[in-house]
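In what follows, structures are represented as structure tokens.
One chain, chain A, links the two complexes that follow: it is found with chain B in the first and with chain C in the second.
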Partner chain A sequence: MYSQGLIGADGKTDEDEAFLAAFQERIDAEQKIEPNDPMPEGYRKTLIRQISQHAHSEIIGMQPEGNWISRAPTLRRKAALMAKVQDEGGHGLYLYSAAETLGISREEMYQQLLTGAAKYSSIFNYPALTWADIGAIGWLVDGAAIMNQIALCRCSYGPYARAMIRICKEESFHQRQGYEILITLCNGSDEQKELAQDALNRFWWPSLMMFGPSEGQSVHSQQSMLWKIKRFSNDDLRDKFINATVPQAEFLGLKVPDPELKWNEEKQGYDHGDIDWDEFWRVVKGDGPCNRERMRTRRRVESEGAWVREAALAHAQKRAERQAVAPVAAE
Partner chain B sequence: MTETATPLWEVFIRARNGLSHKHAGSIHAADAELALQAARDVYTRRGEGQSVWVVRSSDIVASDPVDKDMMFEPTASKIYRHPTFYEIPDDVGNM
Partner chain C sequence: MAKGNILFTYLLRLADDHLILSQRLGEWAGHAPTLEEDLALTNIALDLIGQARSLYSYAGAVEGQGRDEDQLAFTRPERDYVNALIVEQPNGDFAHTIVRQFFIAAFMVPFWREMEKSGDDQLAAIAAKASKEVAYHLRHASEWVVRLGDGTDESHARMVEALEDLVMYTGELFEKDPVTDAAIEAGFAVDVSALEDEWRQTVEQVLGEAMLALPEVGYMQTGGRDGIHSEHLGHILSELQYMQRTYPGLTW
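The block that comes next holds the complex of A and B.
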């Protein structure tokens, strides 16, 4: 999702100079681009890729948390978790619609997900092993998502920006319910606090990876910045996330699992240890702890639901035909 | 994978009485009834609406952005359609 959706994006475009210059002028003037406006092919393709992978992430992201709905410790937690997972499904749907305005069909996007041609955020290939993980996911994973998504509210493509605004309004409850779970655990027994620390230990680094690798001098990334598809670098957003999150960990009395993490007075931010990008690429390429399980579940759900979709369509068609026949019969 | 594509619908929501329906987004559904239910689930989970319209996207007729100048330019050149075009002495007061 988010910036990871740009990995491997092909922003190549071959419109003439005048067309590209006129388009850039609109972008520079902060004009939003709307669905049927003229736009470079590279802009359209890059957005389809990013938005659809963002949508896939929301949908696959329902799995690790969905697993815990039936095991939530109280009714209050269960209601909150159900509402959150339902929201994520909604986010996926807003985003699929936004991508469709660019000329790709819903069915094509599903196909890309199911065949593995399209990716989703690496984070959802990690398992939610304990109840504390549900807290850590809300706090860290949704927290990192919010950092990214707030930046995307100003994306130059109108439908994407509008979907982001809607999503951001809903996200803040997600993060708060997660943090609340951890506060409760951290105020509990030693074992409960240990559970919280263990969840932070496992989710900290994968959460930092959500922002994607440093772009350095990547041409694609510079093009995306120029077109205002993205507005901040991956490293900038990651630093913002770390700076916001470390004090929250301290409040919980938990230790961030990075021995090199320390405050840098000069830059007014934290320095952090190296991120294991080998692990990141392994997970992106399909070898994370849960990649196969996530895809297996998604494919099973898709095929088990097929008869419902087919029946609904057959019913709609039958009714439409009857309506068309009725006036003729009456004559 | 289901072979036939499920139709696309545009969703319009009236946030509260006194406001007009406003485009909220779109959804896929086999028929009008399912479209209304899906629109409610997807776009009104937090009391965003008092009333929902769904319209088949294929039934919407839209202007082409390419014709924008031809369609909407005349409004810019007819400045006499605006109150500020007319000169009324200050002494007359607010009008």
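The block that comes next holds the complex of A and C.
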């Protein structure tokens, strides 16, 4: 933990106008904010919320894909999927570390996940039903994540921006692998093509929802933009994603499941149909197809692993005690 | 048995060991006691599947009937699988997984070291790469054996149980039969019976540090090399092979 000596970690920063103005000045000058810099409590809290929920998403995101490791159709695909799930765990670690620089412990964040106080990306509440879903998740879900994350590489908080740079490199690789799965399916048998279309049908809208609610509905958006935690609006990123992804679907010979999707010459982008925001809020609030299962699995893993963590701790203590008693003998 | 047949069978046994153990470790993905351990177990699983792929590809080439790694992995039934029984044992709790991993890694370290001297260049090359990986696997498993054995009363008790459950499958690792005899004679195989002392020494040293002991058993269960498995393997293959059996002959 890095909490010691951090200004404002106790929530008692004296946030007078001069302080806030000086902070905004640094932000406007594109200076990165680092862990020991003074920062408004609201900035710290927003970042903790966002980074930790990002970390939680990586951890929960291991479940839908991990679900297919034992059944991947070839050894090459199995190895790639394992590597991907492993990378996700690693991304979780980076992100928890980045959040810890803001004065919260990983354990505390993790408890917030387990109690439901902290959220994770709504997309992982959708099930991975077929092998094609693994391709669709790589292509669409990681694709959407990258749109968000490329923007975050320029986030004003240094540790978060640097974590995103590292994560984006691996994430782009996964996205290409996912797309390649779909290329293979779409060049394959009729059954394989059907699997691919079905996966797109089920993951298209949930992927668009990953960018979050539209401007009017987004509670944190305005302040985050001002502080340059966010660099683009949810809708801007969503549009960018649609514009990049529709030609990829066409290349696959797949149909995007949106009858209102249409190229708009004037804005040089696609118009799309309405997102089902009722579904979005329902899933965010816990009533999606897999919310309960994802959380139940996490809680079960946590409780079943408790004895292992306790043993590791007890052993470390014993070892430290032995070394304290007989420093020479330990050499 | 012709030399090609022996090499093929020999490679297949090794490849099956690695694939099935990798499949077992893959079951842990997202379910380990800590995030760090999740990464470690998946890392080991990945190393193992990499070794399995090299071995299957080579076996397919030796067999010369056009079977590639996937055909060998996904289209053979349980009676044709020739992995050692220990790798197909269920993950159980974390102690069982660690003991299984520890027993195997302590065996594979000297095994791959000796295999580096194989008269078969390709096997020697596979061994050179695998040696580096399995040294890490042994370190990882040994550290956990010590942490759990010398941790809490509960972790110690779980380790005792895991050792008792799994020790009967270790004898097979050192077993010789006409295939291994012919392979040794042909100059490409490791005489596994000669590794037993070193294995026991490694195991007992680490267990000693963990306040544990290797249980003495009067009976070692074997049969895997002849395709006589435990009831677990059929279920593993049901999952492993599901896609290729449902949609045979396609590219994925």
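The definition used in the following text is that the second predicted complex is superposed on the first by the 308 of 331 C-alpha atoms of A that agree within 3 Å, B and C clash if a C-alpha of one lies under 4 Å from a C-alpha of the other, contacts with A are read in each partner's own complex, and residues count from 1 in each chain.
Basically, contacts are C-beta pairs under 8 Å (C-beta built on N, C-alpha and C of every residue); 3 or more make two chains touch, one makes a residue touch a chain.
Note that the structure is predicted; figures quoted are calculated from it, not measured.
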Next on the checklist: In the superposed model, which partner reaches more residues of chain A, chain B or chain C?
Outcome noted: C
Next on the checklist: A:K267 in the overlay: touching chain B, chain C, both, or neither? Say first, second, both or neither.
Outcome noted: neither
Checklist entry - If you stack the two complexes on chain A, which partner ends up touching A:E304: first (chain B), second (chain C), both, or neither? => result second
Next on the checklist: Which partner chains sit in contact with A:R296 here, chain B, chain C, both or neither? Use first/second/both/neither.
Outcome noted: neither
Checklist entry - Touching A:P38, do we find chain B (first), chain C (second), both, or neither? => result first
Next on the checklist: So in the superposed three-chain picture, is A:E191 touching just chain B, just chain C, both, or none of them (first/second/both/neither)?
Outcome noted: second
Next on the checklist: On the A-aligned overlay, A:H315 touches which partner chain: chain B = first, chain C = second, or both, or neither?
Outcome noted: both
Checklist outcome for this item: Going through chain A, the residues touched by chain B and also by chain C turn out to be 83, 86, 90, 93, 306, 309-310, 312-313, 315-316
Item to check | Residues of chain A that touch chain C when the two form their complex | outcome: 59, 62-63, 66, 69-79, 82-83, 85-86, 89-90, 92-93, 96, 131, 181, 184-185, 187-189, 191-192, 297, 301, 304-316, 318
Checklist entry - For chain A, which residues are in contact with chain B within the complex? => result 34, 36-38, 83, 86-87, 90, 93-94, 97, 100, 105-107, 110-111, 114, 162-163, 166, 170, 302-303, 306, 309-310, 312-313, 315-316, 319
Checklist outcome for this item: Per the touch rule, the chain B residues reaching chain A in their complex are 1-2, 4-6, 8, 25-31, 34, 41-42, 45-46, 62, 64-66
Checklist outcome for this item: Residue set of chain C touching chain A in the complex reads 19, 23, 26-27, 29-39, 42-43, 45-46, 49-50, 52-53, 56, 69-70, 73-74, 93-94, 146-148, 150-152, 154-155, 158, 239-240, 242-244, 247, 250-252
